[in-house]
Structures are given as structure tokens and as C-alpha cells.
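Here come two complexes built around chain A, the first alongside chain B, the second alongside chain C.
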Partner chain A sequence: MRKSKQVWIFIYAALGVMFVYNLLPFFWMVISSFKTELEVISYPATLLPNEFTTGAYEKIWLQEGFLLYFKNSLIVSLSTAALSSLVGIFAGYGFSRFRFPGRLTLMTAFLATQMIPGVLLVGPYFKMLTIAGLYNTLFGLILAQTSITLPFSVWMMKGYMDTVPIEIDQAAEVDGASRLQTMFLCIVPLVLPGLVATTIFAFLLSWGDLLWALCLISEQSKQTITLGITQLVGQFRVQWSEIMAATVIASIIPATLYLILQRYLVQGFAEAAVKE
Partner chain B sequence: MRDYYKGYLFILPAFLLLLIILGFPAVAAFLQSFNLMWVATPSFTLGSYKALASDPEFLTSLMNTVIFVTVVVSSHLVIGLGVALLLNMDLRFKWLWRVVAILPWTMPDVIGGLVWRFMFDTLPGIVNSVLLRTGISAEPIDWLGNPTLAFLSVMLAESWRGYAYPMLILLAGLQAIPRQQYEAAELDGCSAWQKFIYVTLPNLKHMIIIALVLDVIWESRLFGMVYSMTGGGPGYSTQILTLLSYKQYFQFFNVSYGASMAVVLATVLFFISLPYLRMSMRQQL
Partner chain C sequence: MATVDVRNVRKSFGDHEVIHGISAFIEDREFVILVGPSGCGKSTLLRMIAGLEDITAGEIAIGGRVVNDVRAKERDIAMVFQNYALYPHMTVYRNMAFSLRLKGMDRDEIDRRVKRAAEILNLSDLLQRQPRQLSGGQRQRVAMGRAIVRNPQVFLFDEPLSNLDAKLRVQMRSEIKDLHQRLGATTVYVTHDQLEAMTMADRIVVMSEGYVEQMGSPLELYDQPVNTFVAGFLGSPAMNFFEGRIGREDARAWVDTADGTSLPLPASAPGNEGQTVIYGVRPEHIGLSGETLAMEAGVVVMETTGSATQLLADVAGTRVVAAFNGRHVFRPGERVSLHPELEHVHLFDAETRQRL
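Let's look at the complex of A and B:
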């Protein structure tokens, strides 16, 4: 399709608007985090820091315990992503490759669980974890977040595995491979981009969670980074520059992950969604 | 294949795990809302639901949720479709535009709420600073202190943060439209607008419904953004159902009452998701 010059100017102008709109909050967050305590609360706000300082980061990272929160968040999100991806591989393979009675009903049930709001589960979950002695543990939080991520992981993995021709399974069977061997040695390597997308998606969901951590963690030393940040707000000894430094730290991991792996995520997302 | 029964074994870990960590608490919440579980003397009562009907805070939150979801999802679909159309063109630096388009979505909603809260801050916020410098408003505006403005601000913030999810679904749909259809339309002398109306939209119908339903579900479940941006205030002008249910359960310990609100929300979401569920199932047949 050929487009005239005016049309292209309009297209790039629209992209320019999107660029500014999307990046402005990031710009503001990063700029504010490098301002001094005094400058960050001055009116009207300065667009660039008059005096550039990393003091907010030092204070957040060392004094406010964000090193620990960051570590907790990493543990919880990595474990949640790993657990739901591993279990998701098995279930995805089961749904994609076997035609057993009740398959459709089970798949619908898995899909329907994605629609359940976390706020319905979190109350009873609090009670369950208390009874099981898992309240205020990272393990309990990992289990809880898996309830949100697992239904997605199962469906995403199933979608990716559906794109692999069944002949590959049949060839492996002829060669004497068991179903488990076929799954891990033949199918999983072929859907690696999809597995990456599934894992990242679960990681991002878990990393961004506030509700579960808020309700299931009581001790400061076990807080995740999102919970840690919300606890900072409203404390008078904490300045906006420090809160913004904390938000930069909390945003870096998901943004970086995305930048490195965006090709897989978009491609994988497209494959899973378009397949009809 | 003959060994179809092995399928059950592959599903089993996920099934058991979900039964324990999702099925059980969902049923428990349901029973709690009728005062049947984890209470000294279980007795069936509709008390919580009756109280909901005459609780102004609940009714306001319900109304807020409906408005919030309607406005945010509409804006997501419009922005998402626009950006998806742009990204589907033969652009220079395509990867750069794609990264920028999706970046807001990588920001956790709690974090987004805090950043926008600071942007809208009365004195040191960037919004008032820009308004002052450009001469649009000489007086600083109290964005998050005024009920109407606060609600608009929260909706704006979530419009910014969440549109990439429907956008990716729509982009995937656009990429699946056969080029021949556009070429045929061009031969028939269709303008760009006519091609959009008669080729793009009909092909995209399916994906638009998926994006619509999924985004409604996501936005109805939203919690962190509002919690960190306004906490539901001022008053309860920005309070949404998830936030109110959480407060009733964990701050006021009205367990049955909080659960009943969550049950209402879950029931509504279930019915909204029915067309999507049916559509997905038909694909699997």
C-alpha cells in the first residue's frame, strides 16, 4: 500500500504523541528521583533537576530496607513464575495432546478461574494460611500468587503446544519415547519462545501484586517491594524523591525483562491469541 | 491416540493445586458470605446481602466500578486500536515504537498509582507545573482533593497504564488479516476509511470482543492503582468494589460483609465472561 507524504507525516506525528504520552510518567519518575529533598517539593516543579543527586537511592536502598524487599520480591516472583510454568507445561501438554472425556469441561473450568477476582480469595486464604501455619511466610505468598498465575500459564502453554504438529509426537512414539520424554525433549524445545512468554507473564503478574502481600504478610522483613513502597507513603520522614527512587527500583526489573524479551512476548502473545 | 487416559495424569498437578489454592477459598468465601463458615455458630443468613442493598458506600462503590470500568476499557480499546493500527504499518524503527507502546503496561499498577499521584500533586506535581508555565491555569488545581477531579485522574492514570494488553490482542488480530482482502478492496476503489470499515473492522470483530471481555475483567479486578493513588478518597469518591471489600474484610473485620461484596463482583464478572468462555470453547471443538 502506497501512502502519500502527508499521510506519513500524520502517522509519525501520531507516534510522536504516543511517545510523549507514554514516556512522560517515566520521565517524571526518574527526574524526581534525582532531585534534592528540597527541590522535589518546590512549586512550580522544575523539569530538570537543578542539582543532581543520588541521595534518595542511597537512603532507600540502605536505610529503608529496599535491598531486602527487592530480594523478597525476586524470590516470590521467580518461584511463582517457575511453579506455574512447570505445572503449566504438564497441563498444557495434557490438554493439547490428549482427547479424554471431560477435557472440554476441565478446560472451561481452568479458563473460568481466570475471571475470579483476587479479592474474593484473599480473605479465606488468610484463614487457610493461618491454620496451616503459613501466614506471614514467603512460601504462603508464592502459593497464593500461583492461584492467579497458573490458569494463565496452563492456557498459554496449551496454545503454544497446539502450534506444534502432532506428527512430531507420533514420530517420537515410533522411536520408543515415553510421553514424558516426548514432552520435555521434543515439544518443550519447540515452544521455548512461548515458555519464555508464559514465564515472564507470570513473573510480571506476581511482581506487580499488592493485594496478596498486603493481606498475607505482616512482618516488615518479609515485605515485597510493592508492599514496602506503599508503606513508605504517608510517613513524614520520607520525601517524594525517595518514593520516586523506590518506584524506579521496582520498575526496573519488569521494564528490563520486557526490553530484552519483547520479541518473544509479542510473538508468543500473537500466536496464542490469533490461533483459531 | 490410544493412551488418552494419560492426559488425566498430566492435568492432575494443576488440577489438584488449583482445587486447593483456588477452588477451596472460592467456596469458602461463598459460605462466609452466608455466615456458614469459620464462625462460632454457623447459621444460614442473607443478612450481608440485605445490608448491601441499603449501604450507600457499597452502592457508590458499585456505581464507581461500573463508571471506572466503562470509561477505562473504552479508552483502552480506542487507544489500543489506534496504536495497533500504527504498529501494523511499515514503520522505521519499528522495535522502538513497539517498546514505547508497551512500556506503561510493564509498570506494576501500584507503582503507576504512586507516580501519577505525585504527578497530580497540588504543589510539586508536574501537571500543575505545566499548566502554570503554559499559562492555562494560574492557580494550582487540587486534582486529588476534589471528588470529581480525583475520579477523572485515576481513570486517566489507568487509561495510560493498561492499554497495551488489549492493544497486543488487536495487533495480533490485525496481523492475521490476509493482505489480499485489502488489495481486492483497493481494486474496487475503496478509500482508506472504507477499507478500515469494510475490511479491518469485520475481520477484527472476534478479537475486539476478546479484548473487550478480558479488559473488563482485568479492570474490574484492579486494586493496587486505586489503593496507592487515592486510597478510595476523598470520602469514598474513588472507592471501587475491590477496595471496599478489602477494607471491610481486613480493616473492619466484617468478614461476612466483605465476602458478600466479593461474591457480588465475582458473579457479575462470571456472567460478563460467558460469551468469551463460549467462544473459546467453540474454538476447541
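Let's look at the complex of A and C:
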């Protein structure tokens, strides 16, 4: 049925409202990051900067040690994403291909961990990492964040691998492939969109984390970018333009990742939705 | 190439036994087809030969070596799957070269083997294509190519034609048969299609509910089925069966059915007078004229294929199928006399359903 003009106007108006609602904060963030410290808190607020300045960027990058925070965040997020994807591949393959006692219980347990709020787990993690001598280390933070992203990665990878016919494994076995060869040469290439989606998800979760970094890192040289941003909120003053510049920088990596890999991401989630 | 010896093999899934002590010996270079209805255990048996399924009891030997505990990749077999199981992300060339690369064979040898197999299977122009760019028949040929390049001791086929349309199936049937004749490879082939079994096999193994019903050449099974299952399973349209008692007088013999029809028997037919039997006759062994007793039938449906005519008729409440060469015209409701050919009548014991 053809839609009338009024319906189209309504649809576009609704989309326009949603567009503004979603993008206004980003717009405001970018614009504010180029304002002077005075202008950013002036009232009434200016839409575009009267005096365009990159001072906030220079300050946080050169003076506040954001380069280090950025590097720490990259190390933690990339490692978390890599680790949870790698373990996700193995565990997902195991759950998908083998039938063993306790399989269902284990899978349900994995899922159940997603229902516990992170804030409840921070205490025990703090204790465990301290005992293991991993408190205030990037490695400890990576382990903690991986434990949060892993259940999702495992379930996602299992779902994708379930869509690959078991005969592919059997053909590879008859062809002389070992389990590992079968997994990495025959199965993983077929679930690549899913793997990319899962990896990005884990990366983004880790990149945006504040809670775990706040509780498990104490030294400034090991802080991540989210922790760095919170430090710009002082007891007596909030450095808005610097906060905005820092958030713009912090958004660059996830935004770029999304733009480059969105094809896989959409394909990956769509497959997970329609298959199995 | 090699022999395949299946000795008293059993398979259970939990407490449920699905293969009940099967034995079969497959000669070197022989083309053997395992045939039977769905769930009869034929694919499970093939998968046990392949090493994809554990053997609960008994032994399987390939080329004289017991392979019960040998992994699939070390059995020197190649398998073609029902859904082809090609690696979708690899080109035809890489699909065929995969096993050779895993073996660490040098590139020139791989290239020579892949190209030779591609030539045999008419795939030379498709080597750089992805499986999704191929038709069903071409995919099936790639799956066979993947098997050929390895030069294995035994080829295993698991219902390889069931995903193809009827016309392509006929074509691929002759291609597989031709391939077997050219390579002379020991082949075990699973199908539920009795026509495939009849046309392709050197020997057929008919299976039902985890047992072997009969093993022999296609014509042996067709002419001398050991029981009503084999008699009814092989042949299309299927054999007609009537239950009745044997009657004898002087040099004459016949079977009287409960509904009063008398069916002709040769005087030399086995069985005692009064014995309850199953009388079997194939549709193509029924004539429209003859000197023997005839079944008086009413035409229900007539089907013609151009070269033959098939008739579904009603004989005192029992449905009978008859097939005649050439063209005949029957009208529904018309009365016809159907004459079973005496030399092609089969008799089975009504209780054991075994051939008399």
C-alpha cells in the first residue's frame, strides 16, 4: 500500500526528532571542546564558538598525560577483546560441537553471570586480585574485564558456530585436519562476521568501562582514559572544555572502529538474529 | 585400493541399539550400495566405516587392518557428504587441495593432482570459483574431486544425489558409475533410492531396522528376494502382495485369497496344500492375456509415460498395480483380466515372511 504524503511527513519528523535527540550530545561535545574555558560556562550558551580554540586539546594531550591514558586504554581494551574472543572461539566451539555431562548447566551458569550487576563483583575481584598480586596492574584489569565480556563472547560464538553444518568438521576430519586446524582453517573463517561483532562488543565494553578501572587501579600511570576524564572534575571547578576534548578523543577509536567494521557488525548481528 | 570387512558390528546410542551385529565383506574395487528406508542404520554404518562414529562392538577392517581405534584422518578413506560439505570460503581449487596441503605435499604435486581431478570431472574452468557460484551438480563434482585427489583406499558416499533434481540425479548417477569404472576404487555408497542401488551397484546390501535383510547383485535381489521386505523395497512400482492358501490338484497349483480370487502358480511351486502364503508378483510381470488363471479387476487409474502404461486396478478390494510396455487405453471402471506370469511369481511364508 502506498503511504500518503502526511504519513511520510510524520515518519520524517519522527526520524528528525530521534536524530537530533541522539546526535545533539555529540554535537555539543565537539563544539564545546573548541570553546574557551570561559565561553563554555557562559550564559546564555553559544551554539558555535565565538573564539575557536584547540587549547583544550593541547592542554589535555600535552599536560594532563592523556597520551598515557589513551595508551593504557588501548592496551586494556585490545587485550580484553582479543582474550575474550580467543577464549570465546574455543568455548563456543566446545559448546557447539561436543555433548558432555554438565554442558547445559555450564552454559546456563555462563548466562547467569550476566544477570549479576558488576558493582557486586568488584569487591570479590578486588580481594582476589590483591591476593594474586595483580591489584593495580593492567593485566589484573584485563582479567577482570575479560571475565565480564567472556560469557557474551562464548554465547555469541556458540550461536554462530551452530549455524555451520557439522559435516564441514567431518569433511575436514576425513581430509586429515586436526581439531585445531578444523577450527581455525574451516570454522572460524565462516563465522568471521560474528567474530568481528563479538570482538568489537568486548572492545567497546572495555573501552567505556569506568567502574572496574576505578576500583582496581590506583596509580596514575596505569589509569585508563575514562579514569583520566573523571580527574578533570575537580573539587572546586569543572574543566568543561577539557572534559569535552578528552571525550572527543576517547570517542575517536570506537567511532572509527564502528565505521570501518559496521558491515561485519550489522551482518553479524543479523545472522545471530535469523539463524538458530 | 582395499577390501572393507565389517564383522558383527553393533552400534548403540545410550541403551538404544541401532545396528544389531552386521557383517559384510566388500571386495577390492567393488561398488557396494547400502540401501534401506530412513532410520535403517545405513548412514550410521557408513559413518562407522569412515571413523566418524564409534563402534560399540565388532570390528571393521580396511585393507586387512582393523580400524576400530584408528581416527578418520588415518583410515585413508574419502567421503562425499549429502550436503557436499564444501568449505564455503575456499575456491574450488583450494577445496580440492585442502587435504593435500594438510599432508604437506609440495605445490607442484598438489597442482598436478588437482588439475588432473578437475579434468576428469570437467571442472577445469571452475577452479577459481567459490562453491556458492556453482550449481548443485557442479558442487557435487567438486565434492568428488576432493575425494579423488587424495587417491584413497576407499570412497564413501553418503546419499550424494539426494539434494539434486531428478534430471541431474540421472546424469550424476552415470557420472559416478563411470568414475568408479575409470578409477576402479572400492566404493561404499549409501542411498534410500532403490533405483540408484539397482542401476549403480555391483552388489547391494538391503538394510532394515539395523539388520541386513539381503546382500547380493541387483538382479539376484530382484529375482530372488529372500523376504517380503526386500521384495517390496526393490523395484518400482513395488511388488503386489496377496495373502492366501495354496491349492493343488493334479498338475495344477494356485493360491486362493480370502476374497475368493484364485491366483495361478506353477505346479513346481514350493509349499504344501493349505499352507498360508504371501503371493508376490511384480507389476511388469502381469500381462493382459495368457492361458493361466486371471485376476478380474476394475480399472481405478491409468498413468502413461509415453513408452509404458501403468494401471492401478481393484481386485476384489485389493489394489493391484500392473505395468505394460507400449500404449494402452483403459477407462476408469472398465473390467480387465490380469494374468500373472507364472515363472515370475514369488511365494513367501505368511508368518515368517521368508521366501519359500
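Just so we're on the same page, the second predicted complex is superposed on the first by the 267 of 276 C-alpha atoms of A that agree within 3 Å, B and C clash if a C-alpha of one lies under 4 Å from a C-alpha of the other, contacts with A are read in each partner's own complex, and residues count from 1 in each chain.
Methods note: a residue touches a chain if its C-beta (ideal position, glycine included) is under 8 Å from a C-beta of that chain, and two chains touch if they have at least 3 such contacts.
It should be emphasised that the depicted structure is a prediction, and the values quoted were computed from it without experimental measurement.
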| item | value |
| --- | --- |
| Fit or clash between chain C and chain B when superposed on chain A | fit |
| First, second, both or neither for A:176, with chain B first and chain C second | second |
| Residue contacts with chain A in the superposition, chain B compared against chain C | B |
| Touching partner for A:245 - first (chain B), second (chain C), both, neither | neither |
| Contacts of A:216 with chain B and chain C, given as first, second, both or neither | neither |
| Which superposed partner A:189 touches (first chain B, second chain C, both, neither) | second |
| Which superposed partner A:167 touches (first chain B, second chain C, both, neither) | second |
| First (chain B), second (chain C), both or neither touched by A:197 | neither |
| CA minimum distance (chain B, chain C), superposed complexes, angstrom | 5 |
| Common ground on chain A, meaning residues reached by chain C in one complex and by chain B in the other | 173 |
| Chain A residues touching chain C - in the complex, by the definition given at the top | 165, 167-168, 170-178, 181, 185-186, 189-190 |
| For the chain B and chain A complex, residues of the former touching the latter | 1, 3-11, 13-15, 17-18, 21-22, 24-26, 28-29, 32, 38, 82-83, 86, 89, 91, 95, 97-104, 106-112, 114-116, 118-119, 121, 123-126, 128-129, 132-133, 140, 160, 168-169, 171-173, 175-176, 182, 186, 192, 206-207, 210, 217, 220-221, 223-224, 227-228, 241-242, 245-246, 249-250, 255, 258-259, 262-263, 265-266, 269-270, 272-273, 277, 280-281, 283-285 |
| Of chain C, residues touching chain A in the complex | 50-52, 71-73, 77-79, 81-83, 85-89, 98-99, 102-103, 146, 150 |
| In the complex with chain B, residue positions of chain A that touch it | 1, 7, 11, 14-15, 18-19, 21-26, 28-29, 32, 40-45, 47, 87-88, 90-91, 93-95, 97-100, 103-104, 106-108, 110-128, 143-144, 146-147, 150-151, 154, 169, 173, 179, 183, 204, 207-211, 214-215, 226, 229-230, 233, 240, 243-244, 247, 250-251, 254-255, 257-259, 262, 266, 269-271, 273-276 |
